[in-house]
Every structure is written in structure tokens, then in C-alpha cells.
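Take a look at the structure below.
In order of appearance the chains are A, B, C, D and E, and numbering begins at 1 in each one.
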Amino acid sequence: MHHLLPLLVAVPLLGAALLAATGRHLPRTVADGAACAVSAGSAALALLLLAHSSPPLTEWAGGWEPVAGHSVGILLTGDGPGLGMAALVCVLTLAALAYSRRSLDEPPHGHAGAFPALVLVFQAGMCGFAIAGDLFNAFVWFELMSVVAYALTGHRVEEARAVQGALAFAVVNSLGAYALLMGIALLYARTGELALARIGDALDAHGPPDALVLAGFVLVLTGLLVKAAAVPFQFWLPDAHAVAPTPVCMLLSGVMVELGVFGVWRVYDTVFSGPGGLPAADAERVLTVLGAATAVTGAVMCWHQRHIKRLLAYSTIAHTGLFLIGLGTLTPEGDDGVALYVVGHAGVKAALFACAGILLDRYGSVDEHVLHGRARPLRGVAVMVVAGALGLAGLPPFGTALGKSFAEEAAGGPFTVLYVLTSAVTAAAVLRVAARVFLGLGPTPREAGGEGAEDAYETTGSGEEPESGRRMARVPDTMTAVPALLLAGALAAGAVPGFGTAVARAVSGATTAGLVHTSVHWTPLGVGLGLLSSLLAVALAAVAVARPGRLAVPGRALPLRRLQSGHIGDYVAWLLVGTTVLGVLALPAVLSG
Amino acid sequence: MTETVIVVALLLVAVAATAAVAVRDPVRQSLVLAVLGVVLAVLFTVLQAPDVGLSQLAVGSALTPLLLLLTVRKAKRRGRRAERGRSAGGDGP
Amino acid sequence: MNGWILAAVLVLVTGVGATLWGVAGGPLRRRATAQNLCTALACPVLLLLAQGYGRPAYVDLALVLAVLGPVGTLVFARLLADELADDPPHARGPTWTAAALGAAVVGAVAVATGPGRALVKLLVIGVLLVGGNLIASRALAGGMQEGRGD
Amino acid sequence: MRLWLVAVGGAGLAALLVAACLRLPGFGGDRHPYGDRAVEAALSRHTANTVSSVTFDQRAFDTLGEMSILFAAVLGSVVLLRQTRDEHRARPEPAAVSRPVRRYALLVLPVALLTGLYVIAHGQVSPGGGFQGGVVAATALHLLYLGADYRALERLRPLAPYEAADALAASSYLVTGLAALLAGSAFLANTLLPYGTFNTLASAGTVPLLNAAIGMEVACAVVVLLAGFLDQAVEIVDEGEHDEHAEHDGGGKTGGNAADGGDHDDSGKRGK
Amino acid sequence: MTALTHVLPYLVAVWVFLAGCYGLATSRDLIHAVGCLSVCQAATYVLLLAVGYRDGGTAPVFSDVTPGSRPVVDPVVQALALTDVVVGATVTALLLALVVQVAKRHGTVDPDELSELRG
């Protein structure tokens, strides 16, 4: 069974290569169908491997089994969390490909295979990262998924914003990747190893942490947190997610960002959690402080958006912050909760992006003000957006609610309040959009054109072109079926009894070798908090719609919004500041050691 | 002696990299980057990494400058056109 | 102490260092000439190093540089022809010095190598190096286009 | 504001990195456990160039990833640099390159191609390999553009086969890996072929195969990549740009009627 | 001499990386910024190879030396760096392709003039 692990990468890559080779001569439907088949096949493979992942599968690529405990090959780790992420990637890729069959514009002549091939390579990169057990190998797949993501983000080259967002994305993430590589080089210099577990052992053998370990930790984390879009590395994300084609947004927000969080968990857990790494207190400080800042920033910015895709992008940032806080507890309960939360969030967020894509294709705009009341005929989509918003808020029995309740219980104290507020605010923003766009509630915004009167620090959603090339008269069935299925999946993740416990067992199989079993089920407190944040979200949205002036004070958030300047130089400067902040937060580890 | 040559190559790389950053015009920068590529290849050779040096030579001596210059040429043509359009339109900001 | 490496250090410091200084400032023609000279000088350095380390395998680097270095300069000559045409660089002295140095180094290494396949490779490098750089420098000086050359 | 951020962030990062450097084992240290193991493993598989052994045997899975990055970057560039609806193609004027340069280019072209192939072929024995040789060979082809003109290059470079070959080379790398899996060993295991005689071209098992696949992939990738940029810089223009375009491309012109407007090719050659 | 040379290569790598970051942050031209990014990348190669060096060592390529006759440097970092050099160049090309499109759609390559995405 373990020999099949590399196939998770090889199958989509082979599919992509063959598609690219023959794409010139294939009709579009065949190319899309083939891509879907490859993606479905690898999803089945991932689920099969996941079913056999206890005890964790390990595979040495190239058959370089260790001799006397040492190997020269590359370790692939097929444990519960890794394969779980890989399965999530495959399922979501399948959804995105199915969605893109009808939504995207006719590909340019002679490039029919290019888009599905790129999506398949993207899938391969993300799967490879999820199962990597070797630091440099993880870097390679990390770089692969970044590179494909740049190209996919800029796919609609006719659009000025798309290419600008893609370039900011590319520059910031490339720099993050180079920081990661520097960190790898530093760790290699100290330990002379590249396999994650070996690096951890060698660090422990060396003694207490010093400046070198700290620098390695900071640089590696910088790379991963840039991908996870933690404050202050988050600036690229709204720029990129707002302009990428909708199926790509589903993947970017649904799993790629979460893979950054997963990478943080994997690296800390296997490399830095021993006595030679970073003490738990310091790691906790780093993750929770950054997580809290990320959650607050994301929620505030999310509330102030009128560009719907950008709004969803900020809500992804807010939720990433919550994930980081959950991981920052460094407890098995926190890990379980975050794992489940990520699964639920992926379904909900991808569904919401799909709905935004429908709006864009149907009405040629994703601006909340321009669309005011115009989408009344799309009842099904309206129901899905409201359901998605409640999923973001954590209404039981969504998977997000179950995961969130566990994570917030593990975090405890003030973080519980933060969890409730953040999820409520992001959900309220989506509900506000739903009420205005689909129901036409509230006063019509004065400057419906979206031009001229806007204040200087705002990105309107009216300049976007429909991805289908022209506005669609009716919405194709696949485009509504995909978000409906995704929402159903997110619902099932919480509602199906035993799913949560299965996730928890998969996670604990990797962390504590299955010694500690947490059973994940609904608790009265968790249900209560979930209901509370949903109610809060509805109330906030109601106030915002009825009295637009009361809650949307533009002046108060302006300093924060000014930081999001769209200038690549600023983003790079913040990245440098971020590494310094990381270093300062983790500094006590070295001073005490 | 081997140590001296390593130090010399390192210093050359540091200077070339600084120059590549300090030269702000992309055309001139691409000339500096070409030199940086060659100096890096020498450094890799003295660090006993001929494979990497070969990689660097192959990429740095002709490929990267060609890509950079083609981009400059395309961008400049666009920029000039936009400028002319702006002055002709008369309503530029 | 290794004379070959000492020679390499000397060429590196005086020659490549000078071209680095040349490429970092001044008008475009000076920079373009410096870039050309840089490849012309780095190639002998690589040959000297290969001999100094006692690794004939390193000669491949010099071969690749001798092939691609002038190509790189031709790239500049071709794509900057308009800019360079206004103000063509003329650097006969340094160019011929570099060429002579290259020929001398190739000769010296060839003598040390002795006859064989390695010698053929060295001679090919020598021809490519000297010929390529003279042509490239001529192209920079306006020889790229028909009718404008000297 | 930005300068302050850069100063603060840069100073912090610099302090951190310098502190780390001081704690690094001294330059030239003797402790390289993984490296020493890799040398032994390479010798056990009769691979003279240890670096190639690491690249194409011990860590071939990494190289698969790197190759995919290359593949994705090229595919992405082709998509990004495609001809959009508001653009059309204009044939560039043939450039007149002076005779010595032309002669040099045509003379060196085969030499450079041979050098590229030589570097690829000797990957498992001496410094070199698919990555380096592929770039050299692909660059060599572009001597035609430098020494002659763009049309000459286009004649020798129909793009479709290169794009297909790029993808097929990537597939063949994967297929070699899968063959090992089907033969009952691990993915990308070097167990299919005999290891051969040390320090000859036919040594090191599947390393030469993977090496050749990478060489072909890199060469085709670079050709396709440069084609995208050359098309953009030389051929593709948008409406209203043509007059200016004529005065610029080709690098040099003998003069005469520069704006030869009758030479449009709106359908795009790539489509056919 | 030795105390300095034992850290000099690492310091040079750090310097090059920081210089590249500075150039990237203050760049007024996107093409220049991409060039600075490739400078940052060069820093990672310098660091990797410096880490793998061994005093008196030679390349682990046994086409012209007998295995075991001379100490060799670490081949692993070389393998890591060598693939990355070529791949880095193609990634640079991808970035430049984006710059070409930015120039086309915005008519400028000055990041200060790109102000569409903010807030």
C-alpha cells in the first residue's frame, strides 16, 4: 500500500503532461472530461490511502530504505492529517474542474488543455506538499503550487487587475519561498539532515535552542505563513483572490492557504517540538499572537468590503487566524478542532466563491452596491449564500461549527470571545451582501455606478469582466450543483455522527501515535456558542442593512485599509517587518536557553 | 591559496549583487546581472560545485539577459504609447 | 602554493574586478564593453582554476562560457542596437588585451596538458573564446548591422 | 513610511541572521553526514558524478518536483503571453546583420548545439546534466535570431512540436518512475537497468534515462518560453501600435519604408 | 584571517539577501524588482554551497579522480542548488510574463502608479 503514496503526485502530473501534449488537438469537452477523470481517480486513491493510514504509511521514494537508521532518499509521510489534506485537495480540485467546465470562457485557440493541465499540476503540488516528510521536498512542492497559482491567478490576462494581483502574489510568495530555503540551509548546516524527523532528532541531540535554531524557525515559518496569509504577510491574498478565476479562488481559499497552516503544524510538530527546538510556551506565543492579529484584521477588513470576492478573501484571512490560534494551543483537542474546522471551512468557502462566480457571470459585476436587488431571480443561489454565511458563523450542525467549538474550547479564555466575534463578523458581512443583492433590502446605495464617488481606499467590484466572456442568460446546472454539493459536504462533516471522531483519530494517529484518543462530539457549550455567533451575525447584518450609516464608519478602519496599498514595495517591507516580529516573539526561547 | 580565491570570489559576488540592486535602470541592471551570473559561476567553481556553476553559466550568461531585455523592449514600447496617448488626449491626471 | 590558482586570483582581482567596476557605473557603452570583457576574462580564470585544482573535468565550464559568453554579448548588441548606435563603444585596447590573455592562458594550459583529447577541447575553447569575443566586441561597436560596421 | 518599515524589518532580520551565522559551524567544516552517505550510495550504483546520482537517483523525487515547476512555469508563461483578442501580429522586417556576425552565428550554432548535447550526455560521469545542457542547446538555437533574423528562427522552430515534446519529456520521466513501481519496486527506484561500468556513459542504471528526459524537457521548455517573449517583443502588437512598432523591431534596419502595413497576419500562426 | 573566513561566506549570503530585499521594497520599476528577486535567489545558492563546503575538498565527481583519494564536498546541497538555478530562471520568466501583461494593461511598470487594488 505504501508504495502507492507517490502516485498521489504522479497521477495528476502525468495527466497534466498528457493533456498539455495533446491539448492542441483536443476539443474542449474532452480535455475537461479527461482532467475531471484524472482528478477523480486521484481523489479515490487519496481516500483509499486515507482509509489505510493507521498506522501511518511511510514510503522512501526511490526505494532508499534506511540502512542503520539513515537513508539518502526522500521520506513520504502518509499519516492521517497529510492524507486527509491530500484527499481534501483532490475533492476540491474535482469540484473546481467540474465548475470550470461551464464557467470559463472558451480557451484561446490551441490552448484547450492548458487550464485543466495547470489545475492538475496545482493539485499535484498541493498533494505533494501534504505528504512530504522531507523539508526540501516540501519546499519543492510548495514552490510548485505557488508557481502554478501565480499563472492561474493571472489567467485572465485581458484584465488589468488580474495581472497586477497575480504579480503581487508572485513577488511576495517567491520571496517567502526564498526565506524558507534560507531557513532550510541553516537547519541543514546545523544538522546535516533533510528529513523532518531526522532534523528534529539532530536538533535535540545538539542541545538547547540558540540563535541558529531561532533563525531557522523564523525563516521557515515566514515562508509558510506567507502562504497561510498571517498578518503581516497577508497583503497579497485579497489582491490575488479577488481577481483569480472563480474555480481557482475555490482552490486558493479552500485549501492552498490552509496548507500553509498545515505546514506550520507539520514543521513545528516534527522539527521544533523537541528539547532542541522551540519551547512550547514560545511557540504558543508566536502562533496565538499572530493568529489573533490575523483574525482581527481579517474580520475588520472583511466587514468594510463591497467587492464580494475580496470580502470572501478577507474572511479567509480571518479564519486562518482562528486556525492559527487553535494550533497555538498545542493540545490534541486544538489540533482535532482545527482539522475539522479546515474541512468544513473548505466546503463552505469554496461554495461561497462559486456563488460569487455565478453572480459575476450572470450580471458582470461582483460589487455589492451595483448588484443591489438585481439578483432577486436567483433564489437557489440566495439560499446557498445564506447557508454558506451561517456555515461561516458556525451554526450547528455545520462541520465548521463542530471544529470551531472544539478549537475554541481548547483555546479558552479571551480567545473564545475572539472566535465568536470573528466568525460572527465575517458571516454578517456575507449575510449583508445576501440581503442586499438577493433580496434588495435596505436603501439603494447612492452611487450605484461605483465610479467617481468612491473614496480613495476602496476596490469596487464593478470593473470585472464576466469570466464566461459574455453574460450568461441562465446559470448552467453544474455551476449550481457544485456549490450545493460542497455545502452538503460541509454540513455532513458536522452532522454525520462519527466523522468528527474519525478525523480526531486520524490526527492523533500522527501526533501521539494513537495513544491519546479524543472523541469529538457536540457539547452543549459548543452548540450554544455556535448559535450565539450565528445570532450575532444575523443581528449585525440586519443592522447594517437597515441602517447603513451606523456600522459602516469608514473613518475608523481607514488606517488599517490604507496599509493595503496595492504597492508591491509595501508588501515586501511588511514581509521584512513580519520576520522581525516573529523573531522578537520567539526570542525568549533563546535568551532563557 | 584556495582560501584567498574563495574570499576574492565572495567579495566580487557581494559587490556585483549590490551593484545589481543599486542600478535602477532595467537595461543597465540586466548588464550587471549578466556579470553577476558569471561571477557567481566563478564562486561556485571555487566552492567546488562545477555542476552548479555550469547551471549558473547556462542560465546567467545569455538566457536571463535575453528575457529581461525582451521584457524591457515590450514594456517600453507600451509605455511610450501610453504616454503619447495621454498627452494627445489631454485629459490625463 | 599553486601558481595556477595564484594567476587565477590575479586575473580575478585585476580583470574581473575592473569589469565589475566598469559595469556598475557610467554610460551604456562602457557597461556593455565591460560585460563583454567580463566573460572574456572569466573564461581564462575558469581554465586556470581547472588546472590549479587538478580537475580536467572543470574545463567544461570554460567551454560553456566560451560558447555562451559571446552569445550573451550579442544579445545586448542586438537588442540595444538603437541605444548603442548613437554612441558606439570603442575599446580596442582592452579587447585585444583580453583576447591576448585568453590565448596565452589557453596556450599555457595546453602545454601543461600535453597532447590528447583534452588538448583538442582546449584548442576549441581557445578559438571560440578569442573569436567570439572579437566578433562580439565588433558587434557592440556597431558591426551588428550591415553597412554600419567599421 | 515604507523606508521606515524596510529599515526596521531589515535591521531585525539582519540581526537575526548575523547572530545565526555566528552560531553556524565554521565554513569548511568536516561534518556532512548526509553528504558522506550520498557519496557512498552513488559509488554503490556506479555513478561517477555524485551530484547526478543525488539529483536523478537518490532524490529523484525532488527533481520530479523541480521538473514540474519548470513545466508549470512554461505552461503558465504560454498562457500568460498568449495573443489576446485586441492584438494582432505584424511580421517584423528582416534585419540585416553584418556579415561577420552572421557567419559567426551560423558557425557557432552547431558547435553550441553539440556542446549542449555533450553536457547532457556526460551528466552521470562529469559535471553537467540535463538541466545545464538543455539550456545551452536551447540558447544555441536562438543564435539564429541574433545572427540572422526572427523569420529564420521561426522557420527552424515550429512551436507545436516543441510544446508537445516538452510535455512528452515530462511524461517520460514519470513513466520511467512508474515502470519501477510496476516492476515491483518503489516509485522512481533505480532498479530497472544494470548499473554498468563505473565512469562510462552506460553506467548508473536509469540515471542517463532520466537525465535525457530532463535535458529534452529543459531544452524544449526554454525554446517555448523564449518564443513567447520573442513573439510579444517582436511580433504581437495591439491596435494603433503598428506605426511605432515598425521603427523598433528587428534591432536594426537598413532604412527604407519601415512601416510596411501590408504584412499583417491577423489569424495568428500558432492557431494553425 | 581564519576567524573571519569561517563566517564570511555566510555573511555574504545574508548581505546579498538583504540587499535584494531592499531593492525589491524600494524599486520604482517592476522589471528591476524582478531582477532584485533573482539577486535574493542567488543568496540562497551562496548559502547552500557555503554550508556544503569542506576545507581542502574537491567536487564529488569521480570522472578524473579516484574515489577516496581526496576529501570531497557535500554533493547534496549542490544537487539542491543546481536544479533550483534553472528552475529559478523559468520562474523569473513567469514573473516577467506577468510584468509584460502589467505593462500592457496598465501602460506602466512603475509600482507607484498601480493603484487599482487597495482597501
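We adopt the following convention: contacts are C-beta pairs under 8 Å (C-beta built on N, C-alpha and C of every residue); 3 or more make two chains touch, one makes a residue touch a chain.
According to UniProt, the chain labels map to these proteins: E = Sodium:proton antiporter.
This one's a predicted model, so the numbers in the text were calculated from it and none came from an experiment.
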For subunit B and subunit D, the contact-path distance works out to 1
Number of hops, subunit C to subunit E, where each hop joins two touching chains: 1
Quick note, more Cb pairs in contact for B-C or A-D? It is A-D
Chain located farthest away, centre of subunit A as origin (C-alpha): C
Go ahead and note the Å separation of the Cα centroids belonging to subunit A and subunit C. 51
For the pair subunit A and subunit E, the C-alpha centroid-to-centroid distance in angstrom is 28
Subunit A and subunit B: spacing of chain centres that average the CA atoms, whole Å: 35
Quick one: report the Å distance separating subunit D from subunit E, using the average Cα coordinate of each chain. 17
Give me the residue numbers in subunit E that touch at least two other chains, ranges are fine. 5, 8-9, 17, 21-22, 25-27, 34, 43, 50-53, 56-59, 61, 63-64, 72-73, 76-80, 82, 84-87, 89, 91, 93-94, 96, 98-101, 104
Touching at least 2 other chains, the residues of subunit C are 53, 55, 57-58, 60-61, 64, 68, 71, 75, 79
Multi-chain contacts in subunit B, i.e. residues touching at least two other chains, fall at 2, 22, 48-51, 53-55, 57-59, 62-63, 66-67, 70-71, 73-74, 81
Set of all touching chain pairs, with the criterion as stated earlier: A-D, A-E, B-C, B-D, B-E, C-D, C-E, D-E
Spell out the residues on subunit A that touch subunit D in their complex, using ranges where they run on. 3, 5-7, 9-10, 13-14, 16-22, 24, 59-64, 70, 72-74, 76, 108-111, 114-115, 117-118, 121, 124-125, 128, 136-137, 140-141, 143-144, 147-148, 150-152, 154-155, 157-158, 163, 182, 186, 188-190, 192-194, 210-212, 214-216, 218, 567, 569-570, 572-581, 583-584
Across the complex, what residues on subunit E touch subunit C? 58-59, 61, 63-65
Can you list the subunit D residues touching subunit B in their complex? 49, 51-52, 119, 127-129, 131-133, 135-136, 138-139, 142, 222, 225-226, 229-230, 232-233, 240-241, 244-245, 248
As the complex stands, subunit C meets subunit B at residues 1-2, 5-6, 8-9, 12-13, 16-17, 19-20, 23-24, 28, 31-32, 34-35, 38-39, 42, 45-46, 49, 53, 55, 57-58, 60-61, 64-65, 68-69, 71-72, 75-76, 79-80, 83
Of all residues in subunit C, those that touch subunit D in their complex: 57-58, 60-61, 63-64, 67-68, 70-71, 74-75, 77-79, 81-82, 85, 124, 128, 131-132, 135, 138-139, 143-149
